[in-house]
């Protein structure tokens, strides 16, 4: 500050770098991995592996209830999990019952079926192997009702066809008839409500996939009340890794979680480099000033 | 009179709300539900006040030809088109095609994009604020970096880093949040009590 | 100035052309979504007419959107439909035969009272309605906050400071519990208002702020991931859904 | 009431069901070989044991429990639960229960018009049917009468009641002692002390002041605390004759803010300077509001931004845009998730409770200061309780948790 006031040194100017340069770096860090389809492998941690193993050991024709409890804003994080688990369940020939306790989940159920299940598993028959039950209002109250009587709330599927016309619905009386419940979301209502109102009272295994932000709130429920949790993009990528290890054919496929992880890793590196850069500048400047003032103070 | 009536209303209504918390009977539950329903309906009436304010501000901008007045036309056009689409007699509900499409193809993309601006701002804020200027700032910097570095593959270092990160999230993080939450709980309860008793009354204005 | 104007028109022309091409190739709806997305992103560079356009459009449309939602979602079924059910028979036939609920006159009156504030003479009466709303939530908040943020926390913080696990004394868990306990205590000391932060009390408050800072840094670092995910979502929309460059 | 039910059930069990259950078994032995060719064997009979009213609710719900011999579980698909209002009336199917689960939570309707309606304090009778895998089922004897009832006081919430009473006592006590003129010390808060300075700075620079009340409703505590601070800021602004911009997210908040600002101008002796356009409505869509406020910031270039109230994800967008225009920023919120962003991007941040305290600080009103003292006392007591809790847990007594447990 003292002395050569009008001529700022390069270091001084860099310290107040135009933030648009940071913006540009972030944009590039996010877009490039997407464009090149770059992915990042994640070693599977126990909390994810356990859910994978549970599904892996389900006998064929087991009944898995998938609840799509998220919306478009969290879809980039959650959708890869839904895709991975749907793939895995379909590999195991389980029956998939898809529903939503979030209104926004309805569309996402549809796109999971259209974009993942139908093209990759043409052998899966609607009404026999999988069904889209759609959204019902009621939040945790809905779960409570389903716990006692499933068909009281779901008298039709999402398309309005009477529920008893589907062979796969005939043995379903209440939630206790399911071998596993997986909730995708982690907001309210979500995994926690599934645990409290279905998993705990009925001793039904519950698993979940949630955003990174809500994951720490759910970790306490593992391993007693939750089979396993996928937390954020990392959890999704870990599950995909487990899937590829077991079913190598998926190694060639584009995996949403691993791709998101790549974007994440690159942008985290960029942000951290900027932070380190800023600190380096700060210390250089401080050293310079100390020299100028003769090291005193 | 102008002051006493509102304060009395506040006291009676809030006292009822406190007591009903402890009484599980049907009649109380219904009364509670009614009160909640009523406040929601009053809130919709208030929207009219909002729309009125929006109209006035923008109309005056256009009339005075103040800076950027042209854009006020855009606001008013958007407002009127959406209202007309939403209220046209005969369409009569929110399921109609145009209304839904305006929602999905105008509102949703803008909303999601505004939200995603945070990715940029969180980076610029981190660059500016995460500097080791003081001991406290260094702590902020350090714990922020530890948490962020988890997402980067670091080979053999990944394991210990992720353990430290988890510890920070589960231990000091929990402690601090709990202290803040307790403070908030007390402060909020105290403010609520002051409102009940008519001590905190800034919200009623002074005239 | 003139050169700037010309540049502005060139940009406008380019955008119009791009918009037209996109409409032909991708359809109107996707194009509108994509261009509005780009307009909002342009704010990152600087304030500009396109951002202003998107911003003002957004404000107008969203205000009306919520107005319509409030009218059809609340007023019609819950006010008109309950006061005089046959009135809404046309739109909500299911409600037509319900008995009228006359207590709904009260919110109607309070709502009209609220609107009275537009009149300069009878504006004071709107405060009755405000008092009703504030009173309702004040009572609710008093018990709710005391319960969940205060009493519940006693339960959560009564930890064991000497933890033994299956293999005997568990050092890690013990340290963690001690840190939690001290952290909560010092955090609370920091929030004391009526005592000077001096001496031992000052040390406590200082420790409290240290714990707070560690937490703030951690929360900040933690949220980065979620925000990047949002941006990835928008980029997938632009480059994938719109331009078709992904997969 | 509950004891009555249990006694009734016990009497029924001993007097009616037990002998018959025994008799049924004897009965089955004889025709076994005879009927084997023509008739399948029915599964064992369930025995209704009790119907329990759930405590601390509004009634209309009853848990029916029954006994079932272990060897029968494998023979049946499950149970069906039937209910009637008289022992010889028509029994209606209420629901099913799996084969290994011997109770059913019968949730009746609360509303009289509901076909499912279950009246409080009326007799109900239950019958359980075991559905055999072979298609033959066996019915239990009728159990009952059972009653359900609503309670006047929720005993599980006693800790909350005690908390409310103690807290209210402290608050009233310290407020009344403050009224008597007892001097109360409050420690300085940087964010509060910066308020006046920030207004002064805007005046010097000839730039406006932007005040954001957040996206809460008028009933949120944070918003209410913010109104008080707004009153103070507006009064200063009126005295210094600076411009004030208050864009609002919620119409009711807008109305109240208009009153608050108008009153402040009146108090400052400049009622003529106030007009309703200072406090205006933008929109009540979260991100549309942010877009609008961002626009206001970059175009009006305020010297000082206040963000006080309830905030969600938009906090950082606002604070970063505010930072880019070089404004002094004072923030405060009770939203834990947003505090870190304000701390990082703003010059001063009121953390949680400090926001509520701010109104007392600014007003210097003894009544408001008195309640701060009460909050401190509550904190002190809580710390003591924590200490006792930790000590007692260390000595193996877990009672403190039981004492404060709220059973919903």
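When the chains are written out, they are named A, B, C and D in that same order, and each has its own residue count from 1.
Here is the rule we use: a contact is a pair of C-beta atoms (placed from the backbone, for glycine too) under 8 Å apart; a residue touches a chain by one contact, two chains touch by 3 or more.
Just so it is clear, the structure is predicted and the values come from calculations on it, not from any experiment.
Enquirer: What pair of chains is linked by the largest number of C-beta pairs in contact?
Expert: So the chains sharing the most C-beta contacts are B-C.
Enquirer: Taking CA centroids for every chain, report which one is farthest away from chain B.
Expert: Looking at centroid distances, A is the chain farthest away.
Enquirer: Could you give the separation in Å between the centres of chain A and chain B, each centre being the mean of its C-alpha atoms?
Expert: One centre to the other, that is 25 Å.
Enquirer: Mind checking the centre-to-centre distance between chain B and chain D? Centres are C-alpha means, answer in whole Å.
Expert: A distance of 17 Å separates the two centres.
Enquirer: What is the distance, in whole Å, between the centres of chain A and chain D, each centre taken as the mean of its C-alpha atoms?
Expert: Between these chains, centre-to-centre, one finds 27 Å.
Enquirer: Provide the C-alpha centroid distance between chain B and chain C, rounded to the nearest whole angstrom.
Expert: 4
Enquirer: Would you pick out the residues of chain D that each touch at least 2 other chains?
Expert: 157, 160, 164, 167, 217-219, 221, 224, 252, 255-256, 259, 281-285, 287-288, 291, 299, 339, 341, 343-344, 351-353, 357, 372, 375, 378-379, 382
Enquirer: Give the residues of chain B that touch two or more other chains, as numbers and ranges in rising order.
Expert: Expected reply: 18, 21, 39, 43, 46-51, 54, 68, 107-108, 110-112, 114-115, 117-120, 122-124, 126, 128, 130, 140-141, 144-145, 148, 151, 169-170, 177, 180-184, 186, 188-189, 191-193, 195, 203-205, 207.
Enquirer: Any chance you could list the residues of chain A touching two or more other chains?
Expert: Correct list: 19, 23, 26-27, 30, 72-73, 264, 267-268, 271.
Enquirer: Per the contact definition, I'd like the list of chain A residues that touch chain C in the complex.
Expert: Per the stated touch rule, the residues are 20, 23, 26-27, 30-31, 34-35, 37, 72-77, 211-213, 232-233, 254, 260, 263-264, 267-268, 271.
Enquirer: Help me check something: in the complex, which residues belonging to chain C touch chain D?
Expert: Listed in rising order, the residues of chain C that touch chain D are 40, 43, 46-47, 51-52, 54-56, 58-63, 65-66, 114, 117, 126-127, 130, 133-134, 136-138, 141-143, 145-147, 150-155, 157-162, 181, 184-185, 188-189, 191-197, 212, 215-217, 219-220, 223.
Enquirer: What residues of chain A sit close enough to touch chain D in their complex?
Expert: Interface residues on chain A, with respect to chain D: 19, 148-149, 173-174, 176-177.
Enquirer: So in the complex, the part of chain B that touches chain D is made up of which residues?
Expert: Chain B residues touching chain D: 18, 21-26, 29, 39, 43, 46-51, 53-54, 56-57, 60, 67-68, 107, 110-111, 114-115, 117-118, 121-122, 124-126, 128-130, 140, 177, 180-184, 186-195, 197, 199-200, 202-207.
Enquirer: Can you check the complex and tell me which residues of chain D touch chain A?
Expert: 78, 95-96, 98, 101, 105, 107, 324
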